[in-house]
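Both of the next two complexes hold chain A, though its partner changes from chain B to chain C.
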Partner chain A sequence: MIPGIEFFVTLIVYILIFLIVTISYNMAYGYTGIPDFGRAMAAGAGGFLCGYLPGRLMAYVLGIQGDYLENSISIVDTTNAFLKGSPLMSIALLALTLFLAALAGGALGLLASLPMFRGIRLFYLGVTLLAIQIGFNTIFYYWRPLIGGPLGVTVPDPFRWLTNYSLFGIPSSSMRLVGVIITSGVVLLIVSYYCISVSRSPLGRLLKALRDDEKGTETLGRDVRKLYIEVMAVSYAFTGMAGALFAYYGGYVVGLHFDKVSWTFWPVAMVILGGLANYKGTIIGTVSFLTLRRLILFYKTELEFILPFSPVWLEDLVLGVILMLVLIYRPRGLFPEKPELTLSKENIRKIKEEEG
Partner chain B sequence: MSMKKELMTVLAIVLFVIGLGAGYGIGVMTVPPKEIEKRIEVPVPTGLTGTVEVGVLVPLTGGLSSYGEDCKAAWELGGEDVNAFLKSAGANWTLKLTFEDTATSPDTALTRLESLIARGVKIVLGPMGSGEILAIKERAEAEGVLIISPSSTAVTLAIPGDNVFRFCAIDDLQGPAIASAIYSEGVTHMVSVYLANPWGEGLDKATSEKFESLGGSVLAHIEFPATFDPAALAEDIKTKVEEAIASGVPKDKIGIFLVSYGEALQIFSHASGYTVLSQIKWFGTDGTVMLPEIADLAGHPKETQFALDTKFTSTMYRIPETRKFAYVKEKILERMGREPTIYAYGAYDSVWVVALALASVGKYDSMKVKAILPQVAERYFGASGNIVLNQNGDLAVADYTLWRPVKTDNVVEWKEVGTYYYATDSVEWKEGYKP
Partner chain C sequence: MIPPLFSSAVVFANIIALMAIACTLALTRTNVPNFTAATFGTIGIYISLTFIKLFGVGLYPSLFFCFCGGGIVGVVAYYLVVRPLRKRGATREELMIATLGLDIFLIALLNIYADYLTLTFKIRTREFMLRAYDFDVGGVDGVFIVSTTIFFAVLVALHLIFTKTRIGIAMKALGEDPSLTECQGVNTETLCTLTWFLVGALPATAGGFYPVYWISNPSVSLFLVVSVFASCVLGGFATIYDAAAGGYIIGLAQTLLISYMSKFFGSWILSYGFFVALLVMIITVFLFPQGLYGLPWNETVKKVRKIFRFREKPRGI
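Here is the complex of A and B:
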C-alpha cells in the first residue's frame, strides 16, 4: 500500500511546525547549553492563546452575545462562516495571533528564566522547568475561565477562506492545510534565518563559550544571566508561534495539549538524533524522526502477521530503540558539531596560501 | 561551507519539503481517479469487494485504558462475528478493524486519525473520551470521516448533522435519572462532588439542573482533579453538610452526589472518619456502579460498611438482557477474565451497525453510510438493545437501573434496587428498597 496525498500533506505540516520548535530549541540547548525540559510550555503559550483570544475577539467584532465558553462551538461556527467570506480579516487575525503568540512565548521565556536569578544551577533548571511545565498545563486544564477547563475550546479557523478555492486540483476541503503549510513555511524561514545568522555571528560563538565554560565566560566580563534570559525569551517566542500554528491546524485546544512527551521529549530526541549545535543536523533529525514515525504508523498494521506483539506498540518501541542506538554508537548525533568558520572556506584557503 | 552556503542549504531543504508536497499533490491530481481508488484500496462502486478497512481509536494507555481494553475486546469480537456472517452469506468482502492507541490524549488521537486518513479510512469507531472527539472533529469533518463513539457523553457534542454518532446515553439523559432517584429518596438538599473532566462537569450540570427543577436545592458544587487529596476533599464535604445542618436542614434531607470512578474508594475511606457523613445518603453514577471494592467486606471493610450505611446508590444505563447481551458478556468474560463495562456492548453493536450500513450502501462511502446509519441502527437489535438515535446522532432514550451494595447473610453484593424510566420520567423502587 502506498500512502495517499493526505499522508504527505500531514507530514509536511508536522515537519514545518516541529522544525520551528527544534531549531529554536537548538539555540537554547545546543548552542547555549540550557537543559530546557519545559519546552512544551512555550508551545502551550501560543497554542492556549489561540484558544483564549481569537474566538472571544471575533465574538466581540461580530457582536455575538452570550457566555463564550458555554457556546464556544456555535460561536466558532458563526465566526468560521464569517471568516470564510473574509480573507482580509482572516489574514489579520492570523498575523495578530502569531505576533501575540510570540509575545506570550517570549514573556513566558522570561518568567521561566527567573530561577536563574536565584542562582539555580543549570542541571536543576531543567528539572525545575519540567515541573513548571506540568503545573502550567494543569492550570489550563482545570481553570475553566481560560480555555474551558477539561472540555477545552474550539479555535476559529483563519484558513477557512481558502476552502473557497481549489488550486492545482487539490480539493477545496484540503486547501486550509495548504494555508497552514504556507504560513508555517514562512514562519520557519524567518526563524531559521534568525537562528542561523546568530549561530554564525560573534553572539553565536559567545553562546557556545557560555555553554562550554560558564565561569570562564563570566570572568571575561560577560553578563551570563542576561544572555541566558535573552536566549530563553527569543527561543520561547519562536516556539510560541509553532504552538499557535498547531492550534489553528487542529482547530481545538485543551490543557492536555502540548504535553511533555510530544512537545518536549520528542523534540529533544530530534535534536539529539541530528546533532547538537548544528542546524543541518537539527533539520535532518527532525525530518527523519517525523517521517519515520509516520511511516511506522502507516505501515505497522501490514506487519501485524510477523510481529510477536500488537502493532499498536511498534511506534514507541522502534523510536526508543533507534534513539538508544544513536546514543550508544553516535552520541554526538548523526551530524556531530563542528567548529564554526567565521570566514568562508575559500577565504581561509586564500589566507593560508598567502601565509604559506 | 560559508554561512551563505549553509543558509542556502537550509532554505533549499525547506523549499524541497514544501515542493515535495506540492509536487506530489499535483502528481496525484493528474492521475486518473480510478488509479487513486485502486491505490488506497477503496472498493469500487459496483459493490464491496476485498478488504474494507474501518479504523478504531481506542485508549489502550492513559486514564481511560481499562475502559479501552474492554471496548477493544468488544470491537474485536464484533469484527470476528461480522466476518463470520459475511463469509456465511457469501459476501465478496471482509471487514478489517485497524486499532490505534489514543493514549487518552487529544494530541495522540489526532495523530492516529491522520494516520488512518492517510490509509484511506473514512469510518472510525471510537474514540472514547469527549475531549479526544473534540480534538479530531475538525479534521474528521473536513475529510468526511464518520466517527462512532461507544462512550462519549459530553452534552457539548450534541450537534445536529455533524459526523459524530454516539451509541451511549449522554449526560443529559443520565443527569435527570440520578436527580430523580435522589429526589425520590426524600433528599431535598444535595452536595455535588465531581471529578474535573468533561464527564464530571456534564453530569454535575445535568443532575443539578434537574434536581433544582424538581424543587431541590444544590448546597455546593465541589470539583476535584484527577490527582487530589481525599482527606481534604472529605473535610470539605463534611463542612458543607455541617453548615446545612446548622441552618436547620434535617440530616435525612441531605444527600451527597458523587461523580467519580475508582476515586470513590479513597473518598469513602476518609469520609468514614466523620460520623455525620455516614448518617446521610450518598449517590453515584455509572462511574461507581459495580465497583467491586465497595462491596467487599473482607478486603475493604471500612469503605464497604460506609457504602452500606449511606445506602450508596449508583445508576447504570439499562440494557435489556437479551441473548446477544449474554453472549457478549460471556465472550468478553472469557477473554478478559472480567465482565465488560457497559460501553463494551455499544462498541460491539457499532461494528454490526457499520457493517450492515456498508452492505446496504454497497460501497465505501462514509457520507452515504452516515445518511442511512440511524435507520440501520433503529432496525438492528443487538447487545445494547434497540439503538434509537436523535437528531444529534446520540442515543435518544435510555432507562437507568439503580444499583446499591446490599448485605445479605453476611455477604455484600451489588443489587438492583430500582429503575428510572425515561418515558415517564419517574423512579420505581423495588420491594424492600422503597424510601
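Here is the complex of A and C:
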C-alpha cells in the first residue's frame, strides 16, 4: 500500500511542529550543552494551556453559562460555529493563545532552570527535569479541574473559518489543515530566524564557549547561570508554541499527550542524529525520524505479519538503538559542527583578495 | 504482627534503596548517570515471574536468578554501550543520553518478552502480582523479613568490600581517578565489569520483591525511576550509605505520608504518591544540593556532644 496525500499532509504538519521543538532544543543542548530532559513539559505548557484557556475564554465571551468541563463538547461546538463565521476573532484567539503558550513555556523554562542558581551539576538538572516532567503530566492527567483529567477536553478550532473557502482546488474540508501548516510555518520561520541569528552572533559563540568550558567562560567574567536560565526560558517559550499548535491541530488534549518519549526523547535523538549546534543536521534529523515514525505507524498492519513481535514496540526499539548507536559511532551526528564564521565566506574572500 | 502499611512501606524502602545504591555506584565508580536502574528492577520482576511460572521455582529461590540475570544484563550493557562510550571519552551528558536510549530499548524488549510469555505459555504478564508465593511467619509477611535482611546484608557486604578488600578499595580509587588507578597497576576494566554486574544485579534482586505487594507490568519503572532519582539526589550521588538513607527516607515517606494524608484529603491523593519523592527532590536541589552527603555531620555530632557534655577522649601521644 502506497501512502496517500493524507499521509504526506500529516507528515508535513508533524515536521513543521517538531522542527520548532528540535530547533529550540538544539539551542539549549546543541549550543549551550544543557541536557534538558523536560522538553515535553514545555510543549505540555502550551498544549495544556490550549485545553484550559481558549474554550473557557470563548464561553465567557459568548456568555455561555454552566460548568465548562461538564459541557465542554457542546460549548466547543457552539464556539466553533461562532469562530467559523468570525475570521478576525479566530485569528485573535490563535495569536493570543500562541503568545500565552510562549509565556507559559518561558515561565516554566525559568522555573525549571532555577536549580542552576544553586550551582548544581548539569546532569542533576537533567535528572530533576525528567522527574518533574513525569509529575507535570501526572497532574494534568489526574486533576480533573484543569483539562478534564483522564477524559481530556476538546479544543476550539481557530482554523474553522478557513473551511468557508477553497483555494487551488483544495477541498474546503481540508482548508483547516492548510491553516495549521501556514501558521506552523510562520512560527517555525520566526523561531528559525531567531535561533540562526543568535548562533551567528557573538551570543552564539558565547553559548558554545559556555558549553565547551563552563569554568573558563565564568573566568572571563560571564554570568553563566544567567545565560543558562535565559536560554532555557527562550527555548521553552518556543517549544510552548509548538505544543499549542499541536493541540489546535489535534483538537483534543489529555494529560497523556506531550509524553516524554515523543516530546523529549525523540527530539533528543533527532538533534543528536543530525549533529549538535547545526541547523542543517537538525532539519535532516527531524525529517528523517518523523518520516520513519509515521511510516511505522502507517505500515503497522503489514508489519504485524513480518515482525515476530507487535509493531507497537518497534518505535521504541528503533529509538533506543539509534540513540545508542549514534552516540557510540557518530557522536557528532550526520553533519558535524563547523566553526561559525563571523563574516560570510564571500566577505572573507574579498578581504583576502584586498589584502593579497 | 506488623501492620500491613508499615510492612509495605519498609519493603518499598528496601527496593528503592537497593536501586539507589546501584545508581550511585554507577555514577561514583564509572561516572555514568544511569537511567536504567529502575528498568533493571523490572528485568528482575520478569526473571522472577519466569522462574516461578515456568520452572516451578519458589519466589525467594528465584531471587538468586534475578541477581545473576540482572548482573549479566548489567555486564552486557557495560560492554555494548558504556565501554565504547567511555573509550572514546564521551561526556557525562552523552553517557546519560545513551543510558536513556538503553532504558527505552530494555522497556520495549520487556514488553515483547511479556507478549511472548502470554502468547506461548498463556501466563498473565501484565497487571499481575505474586503475593500468593509469599510465606507468613507469625503474622509477618515473608517479603518484609527477606527484603529487609537482604538489604542490610547487601549494605554490610558492600561496606566490607569497599573498606576491607583490595578490590573494593581499588573500586573506590577508580571512582576518584581512573587514570591514576590504572597507573597503580589496577585492571580498571575488571573493576568496571564488576561494578556494572552490581549495577544490574542489585536492582534486579530488588525487583523480585516488587510483585509481592504491587501490581506489576513492563513499564513499572517509569514511576519507580522518580523515587530512585529522588533517593540518589537526596543522598547526594556520593556514597552507598547516603543512597541507602535517601532510599529509606523516600520509600517510607512516599508510602506512609501519603497514606496518612489520605485520611484528611481523601483517597484521590494516593494517585500522587510519587509527588512526595518529587517534592523531596526539589527541596534537596534548592536547599542542600549536595544532599545528605553534604550536610555538616561532623558539626552536628560536635553540637550533640556539647549538649550532652560528652568530652572527647584525649588523643594518645
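Simple rule for what comes next: the second predicted complex is superposed on the first by the 316 of 356 C-alpha atoms of A that agree within 3 Å, B and C clash if a C-alpha of one lies under 4 Å from a C-alpha of the other, contacts with A are read in each partner's own complex, and residues count from 1 in each chain.
The rule we apply is simple: a residue touches a chain if its C-beta (ideal position, glycine included) is under 8 Å from a C-beta of that chain, and two chains touch if they have at least 3 such contacts.
Because the structure is a prediction, the values reported are computed rather than measured.
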item	value
First, second, both or neither for A:Gly85, with chain B first and chain C second	neither
Partner chain(s) touched by A:Ser310 [first = chain B, second = chain C, both, neither]	both
Partner chain in contact with A:Leu130 - chain B first, chain C second, else both or neither	second
Which of chain B and chain C A:Pro336 touches, first, second, both or neither	neither
Partner chain in contact with A:Gly33 - chain B first, chain C second, else both or neither	second
First, second, both or neither for A:Tyr142, with chain B first and chain C second	both
Per-residue touch tally on chain A - higher for chain B or for chain C	B
Contacts of A:Ile12 with chain B and chain C, given as first, second, both or neither	first
Which of chain B and chain C A:Gly66 touches, first, second, both or neither	neither
Residues on chain A lying within both footprints (that of chain B and that of chain C)	138, 142, 310, 312-313
Chain A contact footprint on chain C (complex, rising order)	33, 35, 80-81, 84-85, 88, 90, 92-94, 96-98, 100-109, 111-112, 115-116, 222-223, 225-226, 229-230, 232-233, 237, 268, 271-272, 274-275, 277-278, 281-282, 285-286, 289
Complex interface listing, chain A residues touching chain B	1-12, 15-16, 19, 73, 138, 142, 149-152, 154, 157, 168-170, 173-174, 176, 181, 185, 188-189, 192-193, 196-197, 200, 250-252, 254, 256-259, 262, 279-280, 283, 287, 294, 297-298, 301, 310, 312-313, 341, 343-346
Touching residues (chain side chain A, partner chain C) in the complex	33, 35, 37, 114-115, 118-120, 122-124, 126-128, 130-132, 134-135, 138-139, 142, 261, 265, 268-269, 272, 309-310, 312-313, 316-317, 319-324, 327-328, 331
Residue numbers on chain B that touch chain A, as the complex places them	1-7, 9-11, 13-14, 17-18, 20-22, 24-26, 28-30, 36, 39-41, 60, 98-101, 105-108, 110-112, 114-115, 117-120, 130-131, 134-135, 137-139, 142-144, 154, 156, 159, 196-198, 200-201, 223, 225
